[in-house]
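What follows is a set of structures to go through.
In the two complexes that follow, chain A is the common piece, with chain B as its partner first and chain C second.
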Partner chain A sequence: MNNPKKESLSSVIYNSMVRNNLVLVLGTAIAPVIVVANTLKNAAILALTFSVITFFTMLLSSFIPQKLVYTVRVIIYIAIGALVYVPTAIIISSLFPQALQNMGIYFPLLITNSFIIFHSDTAFLTEKKGRMMLDLILGIIGYDIVVLIFGLIREIISTGEINGNVITLPILFKAFYQPFGGFILLGIFAAVLRGILLLIKKVSN
Partner chain B sequence: MSELFRLISISLVLIFVENTVFTKAIDTSTLISVSRNRKNIFGFWLCAVYFSVVTGFLGFFADKFLLESGIKNEQTYIYQPFVYVAILGVVYIITLLILWKFFYKKFLKIKKFIHLSALNCAILGAMFLNSQNCTMLSEYIFRGIGTGLGFMFAIYITAIVYDRLHDASVPYCFRGYPLTLIYIGIISMAFYGLASTTVR
Partner chain C sequence: MERINSKSDILISADMLIALLIPAVIAVYYYGIRAAMIIVVSVAVCLLTDVICYKLRGRVRVKAEISTVVTGLTIALMMSASVPFYAVVTTDLFAIIICKHAFGGRGNEIFNGAAVAFLFSSICFPTEMLNYPRPAVHLSLSSEELLNTSLFQSMSKSVILSNDAASSSIIDLLVGKFCGPMGTGFIILFIITAAFLMLRRSISAISFCSQFAVIVIGTLIYCGSDIKYTLSVLCGGMTIFGMIFLSCDYRTMPKTRSSRLILGLITGVLTLIFRFYAGAENPIIYAVIIAAPFGIELDRKMLSFAKIISNAKKKRTVTAEKTKETDESGLNNE
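And now, the complex of A and B:
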């Protein structure tokens, strides 16, 4: 993304995971977050599947020659994603038989997630391999952390439970369990992150 | 005649009631991105409808092939995405080649956004939803039309308020992306009330 020589490791981590967070800042692959991540367990499975598919797709895509026109290259990225999906689906379904049913069509749709289509060329695949890997891993971790926190809070406020364990809450917002609630809650999350970033900027100045 | 009305009503339901963006959140990322850059929005719309209809049409034969190939029903989900991506890829490449060969000026304009309108979750998602809900070829085609036009409708609804959502009078924390999500959420709530169906 930026010049690696001028950046310390902490600023690389901060930029990749927080300042350019895939979900809350760049708005990448938000459909499964809105629909699937309505409990902590579903969020964990989404984080796992997203991480595996995106990491291996981007890794293999980085070997595609950049000389090819992007309009053509992008279909190769998606074909790689579809290839990566097959073993991932077999492994995930054997480890978590219920997981694929819970995710429905959102699992295969990870193949065409906007991270692979939009951001692959603008950020990651134009970098050197080492830096690309670091940014990619940090970006994915940033996505996973947000998805897990989002799933946890959504489960608590909409069902009054954490992974099936009941918590006594004075009021429940069941609407947040639905996709429209997911949109609104994710919007609030994005606003909170922006507020935190603004606060950090003010403090550091 | 009644069959034609039924098929048209399938398309209308997919545009105004069970809109894939507002009820299933499919391809919200592309929606936000396209509504931000409204320069080529009409071309994007046309391309999205074209790909949705053509892949819907070919999806019928792909589903038939998968059904007859002897792959067990519970294993279809493993191979189905690969087949669909192959169809999408072939349609995409052939379209690019035709445009390049016969409409070169159009090709130069379209190549900036054609990958966004073709290779997105709305088109691939429509293929999966078709395979779950359709049995006849005509249903695949009309659902394809409905999904494409529904995606257009969702982009239009988001694009018309873009300036207001990004207005300087909106508090900085909510300006732009966060408020767009909340806005889509409120529209989605209205659609959800209309559809009153479960997702997936």
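And now, the complex of A and C:
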């Protein structure tokens, strides 16, 4: 991460949410997005779960001394993630009884997402607490926004509904409801974002 | 990906185009103006999309690149004659944008675009794509009149459901006069086409023959030597058409002969598995898509294997020469 003194708040927001977007640029936790986020509701539950697990795991992980060997640290991160998972699962299952069933294995797998395992050590935990928290929150918000938009568009084009409310569309692409369609759609999303970033870079140059 | 022989892409595509034009004419004869319109729309959309994609990517498009026309025509012939035009357009867009240009354009395709796009559209629009009018029923362009046309499941699907040979006569099977995609059932024509393309070296003879042998032998074993059932399997489900225009596609065909043979065998076996154990209506499509990555890997393995063998041979020759020289110098000293 760059020196916070040199960066304005808007560039911090832009870098954390857009330029280093967790899903579309870094490719973090894309499997749950592809499989689970096929409707707006499922996407919202995924975003909520990811936010809670990642935020608290990273927050607690920041207290782990950096002197420890990387291998040991990663094991501790995962252990913390597992500890955070238990209350999160209880809360989510009480709020949305069907959610755990829908998400299947991808729910517990969120504790081993590459954001916690790799990016935390290289980008976040080396920073000061305040800056780390800001980056973490913005990163999570960036993830949530993409997941929500992705779930919304996927639900509209594949089922012709928004959160269960029918909207009349002339053509429905049912394939996008399936995981392989999700892969293609996420690829299109990533390509569009990268295209926009390139365009911004060109214009600013 | 490398092309299968020294012929240029354009010549191979031209051969394919000629081979596809004949079933296109027959499809128009069977289904009338609507079939012609589907073909025109499909080819036009493919060409237009290709030109736009090249522009967006900032690359120059070779004017004589007719592989796009081949893709458009292949897609059109795989369609039901009653298919709505939006399904045709979606399939074309998917084939050109996602399967061709997303992978880097001409020569870099991993999968056959027409096969993947057809599969995508048949999942998106199953009712429209997989229900067919009776052959020799001329369809109009008007969608209102089309609503009154009776649609049926394909002959391939009926054979799968009844587990018995098709109800059509053998002659009808041979000339493609049964419910199914509008240009994929004329088995006699396709056998001649395959021979022509093999002679012209535009498709891999090894791959085609190995697939054909595996499918025929496998079906004969499965159905207890029932000739009509075997014929139903070959004519229906785009089997022969898929073998020629999808499976032996030079763009995804491996370079070495041994790889092509193995790929043909794998595709044949996969087709049988999808046909008899998964009950897939168009098993060749799934087989082609799944076998494509094998082709790439097989090529790598076979080339490295050939390299190892040639190196070993070279080493052996050098050692033999050295031994001979030592022996000769020893004899001279003596």
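Criterion: the second predicted complex is superposed on the first by the 205 of 205 C-alpha atoms of A that agree within 3 Å, B and C clash if a C-alpha of one lies under 4 Å from a C-alpha of the other, contacts with A are read in each partner's own complex, and residues count from 1 in each chain.
Operating definition for what follows: a contact is a pair of C-beta atoms (placed from the backbone, for glycine too) under 8 Å apart; a residue touches a chain by one contact, two chains touch by 3 or more.
Since we're looking at a predicted model, the values are computed, not measured.
In the superposition on chain A, A:79 makes contact with chain B only, not with chain C.
Looking at the shared chain after the overlay, A:174 reaches chain C, while chain B stays out of its contact range. In the superposition on chain A, contact is made by A:89 with chain B only, not with chain C. In the superposition on chain A, contact is made by A:111 with chain B only, not with chain C.
For chain A, the partner that touches more of its residues is B, with chain B and chain C as the two candidates. In the superposition on chain A, A:59 contacts neither chain B nor chain C. When the two structures are aligned on the shared chain, A:29 is found in touch with chain B, with no touch to chain C. In the superposition on chain A, the residues of chain A touched by chain B in one structure and by chain C in the other are 175, 178, 181, 184, 187, 191. Contact residues on chain B toward chain A in their complex (touch as defined above): 23-30, 32-33, 77-82, 84-86, 88-89, 92-93, 96, 111, 114-116, 119-121, 124-125, 128-129, 132, 172-174, 177-182, 184-186, 188-189, 191-192, 199-200. In the complex of the two chains, the chain C residues touching chain A come out as 86, 90, 98, 102, 120-121, 123-126.
Across the interface of their complex, chain B is touched by residues 25, 27-31, 34-35, 70-72, 74-75, 78-79, 81-83, 85-86, 89-90, 93, 100, 104-109, 111-114, 117-118, 175, 178-184, 186-188, 190-192, 194-195, 198 of chain A. Of all residues in chain A, those touching chain C in their complex are 170-175, 178, 181, 184, 187, 191.
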